[in-house]
Amino acid sequence: MSFKIMPKAALPDWVTWLKNRYRVVGPTARQGQYVFAEIASPDELVLDYPTSVLPPKKYLLPQRETLFTFDAQSMQMKANIEWEPTVILGVHTCDMHAIRLLDKVHATGYTDQHYQAHRQHTTLVSIECLSPCMEHSFCKSMGTLTVPEDYDLHLTDLGDSYGVDVGSEKGEALLQGFTAIWDPTSEDYQRINKVMAEKWPRFSYRLNFDVTELPDLLALSNNSSLWNELGDICLGCGQCTKVCPTCYCFDVRDEVDLSLTKGERTRTWDSCQIDRFATVAGGHNFRSTRALRNRHRFMRKGKYHLEAYGLIGCVGCGRCAAACLVHITPVDTFNELYRRHKKGELLEEAKQA
Amino acid sequence: MSAKPKVAFFEFTSCEGCQLTVVDSLQDHPELLDAVEIVQFREAISEKGEDYAIAFIEGSCSRPSDEPKLQAIRQQAAIVVALGACAHLGGINAIRNRMPLQEVREYVYGDRAEWFETYEPRPIKDVIKVDAVIPGCPIDRREFIKAVTHLLQGRMPFIPDQPLCMECKLKENICVYTRGKVCLGPITLAGCDAICPTYGDGCEGCRGLIANPNIEAMRQVMHEHGLTDEAIDAKLSMFLTNQIMALEEAG
Amino acid sequence: MTTLLKETLKHSSIYLPTPARITAVKDLTALEKLFTIELPSGFSLNHRPGQFVQISVLGVGEAPISISSSPSRSNGSFEVCVRRVGSVTNAMHALKPGAMLGLRGPFGRGFPVERFRGKDILFVPGGLGLAPLRSLINEVLDERGKYGRVIILYGTRTPADILFRDEIAQWQQRTDIEFHMTVDRPDESWTGNVGVITTLFPKIQIHPRNMVAVVVGPPVMYRFVLMELLGKGIAEGNIWFSFERHMKCGVGKCGHCQMHHIYTCQDGPSFSYAEIKHLEEAL
Amino acid sequence: MTTKSLKVDVHHLTRVEGHGNIVVDVQNGELKQCELQIVETPRFFEAMLRGRPYTDSSHITSRICGICAVGHATTSLRATEKALGVQPSEQTVLLRKLNFHGEILDSHILHAYMLVAPDFLGVGSVIPLAKSAPEVVLRALRMKKLAGDLCKAISGRHTHPIAMTVGGFTHFPGSEELAALRERLVAMRADVDATVELFSTLQMPDFSRDTEYIALHKPDEYCFIDGVIASTDGGTWPIEDYRRVTNETIVRHSSAKHTANQRESYMVGALARFNVNYDQLHPRAKAAAATLGLKPKNTNPYMNTVAQVVEIVHCVEDAIRLIDVLLARGITWEAPAPPTRLSGEGVGACDVPRGTLFHNYVIEDGKVVGANCIIPTGQNLANIEADMRKLVPEILDRTQEQITQALEMLVRAYDPCISCSTHLLNVQFV
């Protein structure tokens, strides 16, 4: 829509200005790592953070969320659709792609009003990543190093100022009446061109093949022995799925007070890496081994989501790799499958099965 | 359920911390006293009723003469709930189960070892049938209250069946491994709201092992984080001695 | 008249159930009960055979349960057959007529009944699989003229597990149905066939070109029956299953029922073999 | 002189921690047997520590007792720190003291209100009390919750604290959190006053027996952690010399050991602390003592509960003071102080709710090779029996029921922690 310049010195004022109108959340430091949290004062905000422990999806799909409250005696039920006008500051481009996928999931088929309520009242201020945030990220390989088109505001660090791309009316509203911004000069344009040109070489492709080949590679990998190898070392702790910006599975439970009358039904993030995730009554577990569960996760990320929603399920943020205590990573997994494919092993194993 | 169920509390070898937690749960839920009728709770009350339907048993069984007492409770109670790690796993008391029993006795009692009766501390499920477990050392207050509501509903208490890491990550804790410590979270049952990592310490496994834990991988991880085999054994034997010995036996 | 689904969708949350009353409870076996559930007045269920509802016992939880009565017989009320296996199903078993439940749905796409018209239909229910299949069987029987031969092969583990005995007695009487039954483990009273369900196949003649087979039962059953059916030359697109998967939401969000890219709750739970044969995890 | 015969056999004394029996046998007016039998199962904690990393000790020994868990952990940490030459920071010391107050409050409120008060209010327990005097029970629960929350803020939870580690803490309370606790503590003064008032109306049985009272002592504060061992009979000992004070002996009727110092027995606990350290009490606590009619040196063991009430006042006031100090300094997330060596021997001592607790460890190459723990109730056992021996003849004219109750109340007044005291050991370090 438009392009503006905000001096860095004005950022604290802007944050304060936003805080008067919205709940403002953004990356903050915690014991050497970063978490998205409500910004109490502008100096808590760290915009040049590497990555956050949990992705900002927690504001759209909270870890625990009450779906409705009830009175079991009178059968009164009340939906709990919660929202608060929120601005999320400093969303990395990979996480923007992930939110795009979540949007798709929650709008496909039946609408999840809880997600929608959060989403509609959230304005996303993304930020251009100028260098790799950590050793595990592989956004360039996944095509998520640029912001998807549906951003609201997008910041680019230009040294002593931010370039501010306005992508939507919601984004525009964040600047309405804030005066410490101006239209770019030709110098500003030169600067942003330079910054953008310089950033690319800093990132490297980490997949040994093009991401468009990934779904087919995975299609061939159903019977790969690699899954058993991963299953042998996997702890099954589920951390990979908790930190993943594109995971959204949940469990649902009722809680009720001691008089067994008033209660609530809540949903909590769940994980397909957990033993009983696919177990049905009668005890049959459709993914009974860690190997099968690992396969499911990587298939979801690299293939199934694409088939179901038209978007690839991994955005290359690298969080799961960083969280994994036994060093299972998407990059190594996909590259290893590719290596085996090149040696003909995948086809061989498929034939044998 | 119409009539208030009669419940009783018993303790065997334990620190009584779990029963204390039950008392503490009254701070937030005084209505507990309206929901159930407590007929026996030696630590807190003098009344003594023998017509209980639900028995909460704290503590491990650590001497042969405890067995008939447990059996008598089983006879009376329709539902027996193991309260806390001691009752559930043998708990901290079972640390010594890898040591020769006679050596342990003599270390503490010297030449009077024979005066005092003991054997390897064990979970009460090894002595009587247990219907439900409220794990933890100590148990979690909220979970205790939740378990009581489930019992009132006529069902067995639901205990989360996922690893602790799941809960820990929900809270966005910084993984204690990145803080230079080790943690048994990946193989331990969740439900305590990952309280130890939240307060900066690694999980000790007090709630017991998840289904099909990958012990070998867990050892490998601890090894990588600088623990010797001996230190790893110590970690795995704080609360998990009996469970791991059982796994070893099963091969 | 509004449908229950429309009502569900009108709620401010897709997860919010509509209260409904149990009007009758009937013991079928030691483990299964048949519940008649009355819809709020002015509501119709308007379901397809093969669809399920999410049933809530508030305070305990929610479970997906297939609709067991046929659309033609679900006027203002419908039936579900529930096996008690865990918390929600046990809580349901404790309920008496008059008690209230929460309902969402019906969900899933059900069986494409229109495509079965004019064809011979082979029903192969195993165990509790008869519960969902009964909806389709009765639908077909109520419109008997629109279908070719109707064959039912029913297998249970023991005679004590047999569901819907009254109805089975009627089916056995009817000359326009071929009905065969077997048990894995007989008791003294049993005089019928003994053996797994596939041992019934030699009893029937199948003309593959005109046959649709609908198979619902425990996971282990599917592979063997499938082999039998393919062996008889029935087209892959004419072999239908209903899948049970762990489900929490019923509306394609919770992820539990996903097999490959497919959500069992939305895209199923009924599938033809042609649709799922390439999915490693399906069978 | 009565020629009465009497058998008292209280099997599994209630409203105490752990299993104990009171056995009294009087034949023709002559006291034949008078024992507090400790029938709790032996726990073997000392053996369980052996061979394990020194970092485990506080977590394991905290499981000796669910009520004094913070006390055991603190004592254990002090023993380890002394063995390994660890110097905790000033902030650590402050936080530990604050945490300790939380535990003293929690334990004393539990004991005074829930275990002792029913005896005086004519009910069997706190459950009927909740019906007959709900405001009393709700007050107790309210106060106890605050005590628990204090521990929670500092170490994660009261029963089996988490964040306490050798050399310091692994988690720190936020300043808003502390400020909020301070506000609640200030507001709690009304409840504290009501507590003093309630206990000032309860008539403690008239009985006294002079004995030796032992507690930790520091000149400049009412001491709970570290200090020296001090006696009302005179004399102080460094805590390293604890064996010279405790002189443990084994008796057969008890799975816990008896101790004696300068007389046949001595007493530890709130009353002993009060008698030894009266001067160091907070002025408000001294005022409360006056209201409650408690003056040093008091020799009525039933007054131990009253001394606990005085300590409740003290701990609330001192907790407020400690929070002020902490807030003024500001809380820093500091790493625990490191060990300066990996082998050594150390003794830790704390005055936990029930009295003086000692842990003594020998550590070699970071592993515990020897351990000895001496628990308050173990030290009180001989003294309780001595009290019983004096009391029984004095009340022999009463009914058996009354005698039994008087004895039960006597034992309960000591707030015995029987599950703690069953370690009974005779460890000789080389």
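Chains: A, B, C and D, in written order; residue numbering restarts at 1 for each.
Here is the rule we use: a residue touches a chain if its C-beta (ideal position, glycine included) is under 8 Å from a C-beta of that chain, and two chains touch if they have at least 3 such contacts.
Note that the coordinates shown come from a computational prediction; the quantities given were computed from them, not determined experimentally.
If you take chain B and chain D together, no chain is in touch with both. Looking at A-B and B-C, the interface holding more C-beta pairs in contact is that of A-B.
The geometric centre of chain C is 65 Å away from that of chain D, both derived from CA atoms. Annotation: 37 Å between the Cα-based centres of chain A and chain B. Look at where the CA atoms of chain A average out and do the same for chain D: the two points lie 52 Å apart. Inter-chain spacing, taken between the CA centroids of chain B and chain C, is 42 Å. In chain A, the residues touching two or more other chains are 31, 253, 256, 260, 270. In chain B, the residues that touch at least two other chains are 153, 158. Looking at chain C, residues 59-60 sit in touch with two or more other chains. Touching pairs of chains, sorted by label, consist of A-B, A-C, B-C, B-D. On the chain D side of its complex with chain B, the touching residues are 12, 14-19, 41-44, 46-48, 50-53, 56, 59-60, 63-67, 69, 110, 114-115, 118, 124-127, 130, 137-138, 141-142, 144-145, 148, 155-160, 162-163, 165, 169-171, 250, 252, 255, 419-420, 423-427. Within the complex, the chain C residues that touch chain A are 9, 11-17, 19, 56, 58-62, 83, 85-86, 89, 100, 102, 218-220, 244-246, 248-249, 251-256, 258-263, 266, 280-281. Those residues of chain C that touch chain B in the shared complex are 59-60, 87, 90-91, 94. In the complex of the two chains, the chain A residues touching chain C come out as 67-68, 70, 72, 75, 77, 79-81, 105-106, 108-114, 222, 248-254, 256, 260-261, 263, 265, 267, 270, 272, 277-282, 284, 286-287, 292, 296, 299-300, 303-308. Here chain B touches chain D in the complex through residues 12-21, 23-24, 26-28, 30, 33, 38, 41-48, 62-63, 66, 91-93, 95-96, 99, 103-105, 107-110, 112, 115-118, 137-138, 195-196, 198-201, 204, 231, 234, 238, going by the rule given at the top.
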